[in-house]
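Below are two complexes that have chain A in common, paired first with chain B and then with chain C.
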Partner chain A sequence: MLKQGIKYCIAIVLVLFVLSQSVYFKKLSDVKAAANKVFNAPAYARNYLKTQLLPASKTSPDADQLIPMLSSNPGKAFKTYARGLAIGNIRYFMVQGKGQVTNVDENDVYVLTANKQTIKIAIEYVFGNALRDAPGIIDINDFANTMDLNNIAAAVDKIVRDEVLPPFRSQVKKGDNISFAGAFELNQEHINLASIEVIPVLLKIDK
Partner chain B sequence: MINLMKKYLQILLLLVFVLASCHSTDTAKQKKMAIIVSTLNNPWFVFLAQTAAAQAKSLGYESKIFDSQNNTALETDHFENAIASGYSAILFNPTDANGSVVNVVKAKKAGVPVFCMDREVNSPEATSQILSDSYSGCVSLAKYFVQTMHKKGNYVELLGIVSDNNTWARSKGFHSLVDYYPGLKMVAQQSADFDRNKGLEVMESILQAHPDIDAVFAGNDAMAMGAFQALVAAGKANHVKVFGFDGAEDAIQAIKDKKISATAMQFPKVMAQTAAIYADAYFKGKRDFPKKIPVAVELVTYDNINDYIAYGKK
Partner chain C sequence: MDTILSKYRSHLVKFQPLIALVLLCIGISLMSDKFMTVDNGWNVMRQISVNICISVGMTLVVLTSGIDLSVGSVLALCGAITAGLLKFGIEVPSNNLFVGFTLLGAILAGLIAGSLLGLFNGWTVTKFKVPPFVATLAMLTIARGLTMLYTKGFPISNLGDSFAYIGTGWFLGIPVPVWVSAVVIVIAVIITQKTALGRYIYAIGGNESASKLSGINISKIKMIVYSIAGVLSAVGGIMVTSRLDSAQPNAGMSYELDAIAAVVIGGTSLSGGRGTIMGTVLGAIIIGVLNNGLVLLNVSPFWQQVVKGGVILLAVIIDRANAKND
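After this line comes the complex of A and B, so read on.
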């Protein structure tokens, strides 16, 4: 009788052990929060801009080196410096430089570099993928949702529009010497250097 | 007698070996690709399907095109037929981002890889999805739209099929830029299901309520052309600017004729060829495909129209 009781106890303990290992409890609020978790593009963009984009801009090619190379040896320029997440003809370049402002209009600032290259820098239409794609740092396979990637590009551009452009735009005038860094888009099958418009990430009026 | 038996045995073994070799060669050759597309009622999708079939053929595979007629039930039938008929891969243009998931899952369970072309399914079960970067294409289109409209005016947006992700990717890309300009006012936003006739009908109806519009942004060229027809009939075609998306043949001609302001060129050839090449690679053992591959979309206007032909670049 006692032996049977021990047997039952062991069996109950075993069943309870198996059940405890196969069933677990979670707070419903935690499960709902995990299901509704959305990618925080603004936070990602701010971190990306600070820790990846700005450092990459400091090591990017100078406009006085890159633009002549695109003209004389576009194949090499694209192979060496162009990046892009999508397959196809649209490619992006990082660039930096210094120069004197020759004109400021509603949409762009025009800068003449030391080597007489005229660079157009966007101060109105800061949109698109240039700042996201040009450094070639973001890996598409890290993002299952395409819209997250779109939101990163939009959020990086928004930081530039809200924080980089206003102080520069309110002060810049013809004759100023400026430093700049940013990215631009170019179609590799139909190269039109006149269409280059740099989307800035850094704009500084030099004293 | 023993020698004779040995000879027979040798011949039998040789025969088995030859037959086995033939069988394995045949198995490789017998692999075939099913091309299941949302509709063949739109020339753009006809081009996509035919290009995929041509690429499959050039890689040495037999293929068959199935038309889902924008009907998920029919699409399910096509998947079941394709799996039962022994197709080894499906090159797929889904009808519905959510409604088509069940078919992709079914194929995966049957061990048949699915490569999506142009349209997305909301599932990681597809082997790989090769998709136009519709959002970014519409950001470029939106910049041109704002510049052409000088930042002010009333406009109408014609949406595609509301259950298709491309519809919203295009709309969101467009609004991500245009909505920064308060002078541009959207007076109507309605679906015309990516269909030319519906584009015409919806536009006619919108014009009754909003006769004072300056522009139309349509989520594809078929709807843009339908809207243009409605504007011609209302005598407003010269004033109202129309913007499309796709790079379809009639839209390219309409840009040349200055009837349509711009479109965003997709590259169905790149998507269809990549899907077939991926399927071939799958048959040869490759498994590490990127889950999603965006294909860049290019802005086409009157200024660069000579660089383009329908469905792609010259």
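After this line comes the complex of A and C, so read on.
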């Protein structure tokens, strides 16, 4: 009888212990208030651009180093410099460089670097996840849903469209020497270097 | 001479699935150099872990001469329950109460849900004498409907690193799902080979009337077996959800067919009473290797279905021939 009682006691203690490790209680109103806090993507994007993206662009590989490596040893280039949040073959690279503008059209400027690499830089259509994902700083698990993550990419691109491109686009002309930093995407299964279009985060005409 | 031939034949029958697996591996590796690689080996093992779990449960059910068609839907529902509780908890507006679930709590809830769904299957089969095929077919639809209701038709995603570890992590150089399926196999082998429950399962499948007359509580054993099958479907559901980091409302569709295929190919008799857990494990590996090989050989998905169906048919024909000779 005593033995059975001890058995039941141990079982109850075990069940209570497992329960205590399994559930927790909160006020529903507090949980809802926390959930209803709207994620401010533009503010997050501005802070991200200032404190993370721009510093990361300063330590990114030079175009004259990265593009030849992508051509000669893509495996090493992807392993060393590529980043990406999502499953799939699209990977993102940060890049910086200097060069002379050889052409300016409606959508892009073309820059010839010291190492004779021609880099295409977007100056009209700035979309996608390159600037968000290329530094590899943002962690998908820090966000409650993918919508917030998408909004960050859109907000960073908007800042570039509204604040980085207009002053540059109004002044740049063929023959200018410029400095640039940004990001681009490549499909690691079908590497096409001709498709590279840098989404800029920094564009400066050198005097 | 007859004794030697008979012994030789019995060994051949015993090792049929193993021989089939070895021949399959040799054949595919001759046709694809990507097959016999360590990475591909782990990939196959990780993929078949889910099928092993549900096939082991299916084996126990089939050994009692039953069948469980609901494993795929139960898998989806339990995965959704685990993911939903982990991410959203339970809200009790009338008491301004939120009940949150830790990883342990959510997993336990998923397993309990699987157990209850299996128990319900067992209850309808034993209490109302509904044929297992019909009872579990009904559960297949009920559980799928409940999954759609619970998830509102949308995936439940972003479940966190700790949860993702179950389906994608490595422990001591081996994928975690492989560990999970190994534990399931060991427990199932012990149950079938070393416990009274195991003997009762074989006895019921072999001759239900005789088992009843010998004092075995048929209803209780069947309910336990269906409940175990439910729990193992839940284990599979948790692994699938973890691997995808998302509970998909349509997860586990036609998984019951792969499970039945593994059981049959593994040599378990669909009329019950004969078969082993290790045979089913080999059956699941054969199905997994076959799937992997057909993909590596760039066989059209449509032809893959045809080949798989043919293999299952062949396995049943061989099983029938073996039973006749016995």
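Quick note on the criterion: the second predicted complex is superposed on the first by the 172 of 207 C-alpha atoms of A that agree within 3 Å, B and C clash if a C-alpha of one lies under 4 Å from a C-alpha of the other, contacts with A are read in each partner's own complex, and residues count from 1 in each chain.
The definition used in the following text is that a contact is a pair of C-beta atoms (placed from the backbone, for glycine too) under 8 Å apart; a residue touches a chain by one contact, two chains touch by 3 or more.
In this text the structure is predicted, and so the values were computed from the model without any measurement.
Using the contact criterion defined above for the overlaid structures, shared-chain residue A:Asn150 touches chain B, although it does not reach chain C.
Of the two partner chains, chain B is the only one touched by A:Tyr125; chain C is not. Legend: residue contacts after superposition of the two complexes on their common chain; A:Val18 is shown touching chain C, with no touch to chain B. Residue overlap on chain A between its contacts with chain B in one complex and with chain C in the other: 140-141, 144, 146. Those residues of chain A that touch chain B in the shared complex are 84-90, 125, 127-129, 140-141, 144, 146-147, 150, 153-154, 187, 189-190. The residues of chain A lying in touch with chain C in their complex are 18, 21-31, 140-141, 143-146. In the complex of the two chains, the chain B residues touching chain A come out as 120, 124, 131, 133, 135-136, 139-140, 142-143, 146, 169, 172-173, 176-177, 267, 270, 274, 290-298, 304, 307, 313. Touching chain A in their complex are the following residues of chain C: 89, 91-93, 95-102, 104-105, 108-109, 157-158, 160-161.
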